[in-house]
């Protein structure tokens, strides 16, 4: 059902102390959207993602997930969610994949994947295991299901983290630089999985430095600069003639090393 | 509360503090040096020395200090060859024996603590040192020891406090430090609680000072780990 | 040989009593460790709570019970505890003396001390948990209780095992001091045997060896537990020094 | 209270006064005497072993009712607990290594009687001459310690031990030259030291050591004390104490007064 | 003085247990050579570099640094250097830059840089500090000289590691994947420094996955496969028509992700 708004962010602001990192960002993601978030280091990309699933509480603004608004209490300059229960529920609908994987080191890969469905969603264990095995096969690490995270390569860990997030059947997936901690050889594996997800119609928000992903996989590119959306558009618009000078300079920088 | 009695007890006990401190500081120094020797045997490649060090650590960590001290003081003298050796003039002295057995015991513990510190040194940093041509003593002095010591410091502070409390056993070998004097007072007055309370306060103060000093040292040695100073923040 | 007979199991041998005493030492230490685990967990939680008053309480506890000689604490619990129980008895109408059994008093005293050390072990273990893994738990919508049960507890236990091994060793030797309560544990039985037979060296050496046996048994258990817990850790990839 | 039952404590490691057998039961002079005293006082007694260090506080805390552990009756102790009349009074003497030049000092084999604070005793002055510059080992906080400090403190080095047994070992090791203690205790210690130690100088008896060894009870329990006083009187009168004493000490320790 | 052979490796072999990782590799580097070492993961590139400066001892073969042969003792299947003193000396002539920086965490950046010159080469401290400051300026982190490694970004740490190696005035620099642990944004900084070094005529041996570096900066490309040199040549030869099928397949792989 394309056209349904899965995620809607209105005018999000976030300050750390006196330092305003996000200065009012809005964004809508509809079903099947794959949005690339680009921007220089420190421009607030990670903070933005973390505000969406409330790992940070935004100082101001509204967040709607699948039509439900996250209720916030704003009082005297600080704000906090009104209901921890709602936060837990919203989070279970948003899959997050961290740059540094953050797999639970004391659980095997399979246990990592079924942890959320079994204990947060309280679904039957056997069913979850069956689904988890399908997911692990999909990301190509089914043979590692009984290994511990520490015994996997970076690329394998990252794919396990994706499987873990997918197992919650989230409405929207948030990726924070999913490949930047990987050896160049492993980047390919992870990008292949993400591309497959995009083709299946998963709504995704991806902070990335991989221009080829932004250009070829996503259907929208958002360029952030100093806590604001500097420009956004389809990949063709952004990488084509319509690029703003700031974005042009930004992607120019990527040309040098590679 | 009989404050006159408490005051008198405190005065008597405070007179024994120099003896406690002497036992403590000497055994920490001797024990520390011994621990370095043991840990060198333990991690250096030689299997015989390493096995010896392992055995040493096992015995001295695994049995009560009371027994060790008893055997060192009363036991060594049972052997004629020790009694007639050049060592006897030293071993004859109760103070020497007390320091010796405290040092032997703490050496076992400290060696394990130091080994933990050495294991915490990143092998990569050691490789980096080798790659610019460091080896042997230079490597130990410049890279291994400073980092290992910093890592070992918290555990070592605990060990030092334990040592302070262990000096209490020295009265077994006729060295009358604070606890021994307290016990003698008790067997004269039978006011166990009051006397021990005074002793407890003395140990608490001594240990508090030691712990503060150690955490100060720890703080000054961990500049490289502290949160980024604002001036350096990107 | 007369010596062998003395430590043997015959009618003049102390073997049985010594083994029993070793068992008592083992039980006291194990109970103390269990008591200390509960206290240690509470104190560690207080110290980690960030609330000034709780942190202060935690700090006082760990400073006092690590800084005061163990013997004093044992006296305090043994006599202080008894008079407390007696006065409670009086209040409830029971005339006469109600003692804290020496086993209980000893285990409680050593447990309170080991609680101070365990608090530090647990605190260190908690701090060793990767922040990212805690965030990952939040991110899939785990509530506080679930996160505590599923992620924090298993990891704290894993990181705490080596430290707990050390605390066990300390408690084992602290238990030697509760001989003042008259409990027939290994240290007291060795001393009684030595005093009764006047074979001081023999029984102190045998006592020492039995302590070493207890140590090596517990070492084995803790090493096993550590290996089990470390299944999930990277295989020790120590480079050559 | 009618005292039909009472708990008696002793260390169980102070042979031959009291000791522990290899099967865990208590034996020695005091356990046997206790049995007789309790029978005569018509009290059902339970003997429990406990540590010497905690004995007096534990008595006052109520953990047991009677201490019977070669406890000398002294003024200091009288301040905190009550005592029965003595059931034993023992002489004290110096001991040294058999092959020591100090062996067989003047007065060896003789017995002298002293009162508290007495000075100018010629036998003691003779010893003072002989022991000049030597090291004397004593058990801390005993009446014997006070005697040695008073009479030899100015001419000899004095070393205090926590237990007599430790001191005996050092006497054998040669770390100290002399020991001073209860002669009955010493006699037994010599046996286990393979007779490498021996008495030297005279045995000292008399009120200087206080009234002797009695049972310790709580000060409030005068009725219990009285019952035991009667029992001790009768056991002394009919020679039961002497009999037991000869069995365990080879000498008679019953108080002579 | 072009044409001087700085580093010469003859027929190096290395086994771990029964697994032979290097099967006889030879290589010469003359003054000013910049050699890129390429190869799939596990092909033995790191092991090769580590053998050169004796962090691993080769099972067989000869190594000459600046005309001096490293003396080895071969005995019963194992081998070890004949003289630790010579090893230390040779190592001080070979600069090594590790993938994971390996800065000494207990020293500031400046202390890291002067450590070798002062304590290994035993040169006057003041002189070393002056030189270190020049070097730090050259790699662009002069303002961080009193910071500790933990407070620097990855790119800054990597540049500090390069400065540390350069401070020893090595005859040859060995780089092991100097950029693969870096965020793409930081890669550029480090590559710029290396390019500058190459222009100054430093002899370099660089294990890398950066094709643009191999192609544009180095004057020789060596492609390793399963412990052997599969092919080597100038960048033009290798990336041009003369590429072997294996190398062509290898570089094809890099195209996918980026």
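By written order: A, B, C, D and E. Residues from 1 in each chain.
One rule holds for everything that comes next: a residue touches a chain if its C-beta (ideal position, glycine included) is under 8 Å from a C-beta of that chain, and two chains touch if they have at least 3 such contacts.
Per UniProt, the chains are A, E = ABC transporter; B = Polar amino acid ABC transporter, inner membrane subunit; C = Octopine ABC transporter permease.
These numbers come from a predicted model, not from an experiment.
Each step here moves to a touching chain, and the least such steps from subunit D to subunit E number 2.
The chains in contact with subunit B as well as with subunit C are D. Each chain gets a centre from the mean of its Cα atoms; the one farthest from the centre of subunit A is D. In terms of the distance between Cα centroids, subunit C is separated most widely from E. The centroid of the Cα atoms in subunit A and the matching centroid in subunit C are 47 Å apart.
In terms of their C-alpha centroids, the spacing between subunit C and subunit E amounts to 52 Å.
Centre-to-centre separation between subunit B and subunit D, using Cα means, comes to 39 Å. The mean-CA centres of subunit A and subunit E are about 37 angstrom from one another, to the nearest whole unit.
Along subunit C, residues 75, 79, 200 each make contact with two or more other chains. In subunit D, the residues that touch at least two other chains are 53-54, 57, 169. Those residues of subunit C that touch subunit B in the complex are listed here as 63-64, 66-72, 75-76, 79-80, 117, 120, 169-170, 173, 176, 187, 190, 200-201, 204-205, 207-209, 211-212, 214-216, 238-241. Residue ranges of subunit B in contact with subunit C, taken from their complex: 43, 58-59, 61-68, 70-71, 74-75, 78, 119, 123-124, 126-127, 158, 161-162, 165, 168, 179, 192-193, 196-197, 199-200, 203-204, 207-208, 211.
Of all residues in subunit D, those touching subunit C in their complex are 9, 11-15, 19-24, 48-51, 53-54, 57-58, 61-63, 165, 169, 189, 192. Note for the complex: subunit E touches subunit B at residues 53, 55, 84, 87-92, 94-96, 98, 100, 102-108, 115-116, 119-120, 144, 147-151, 153, 161, 164-165, 168. For subunit C in complex with subunit A, the touching residues are 130, 132-133, 135-144, 146, 150-151, 154-155, 158, 229, 231-235.
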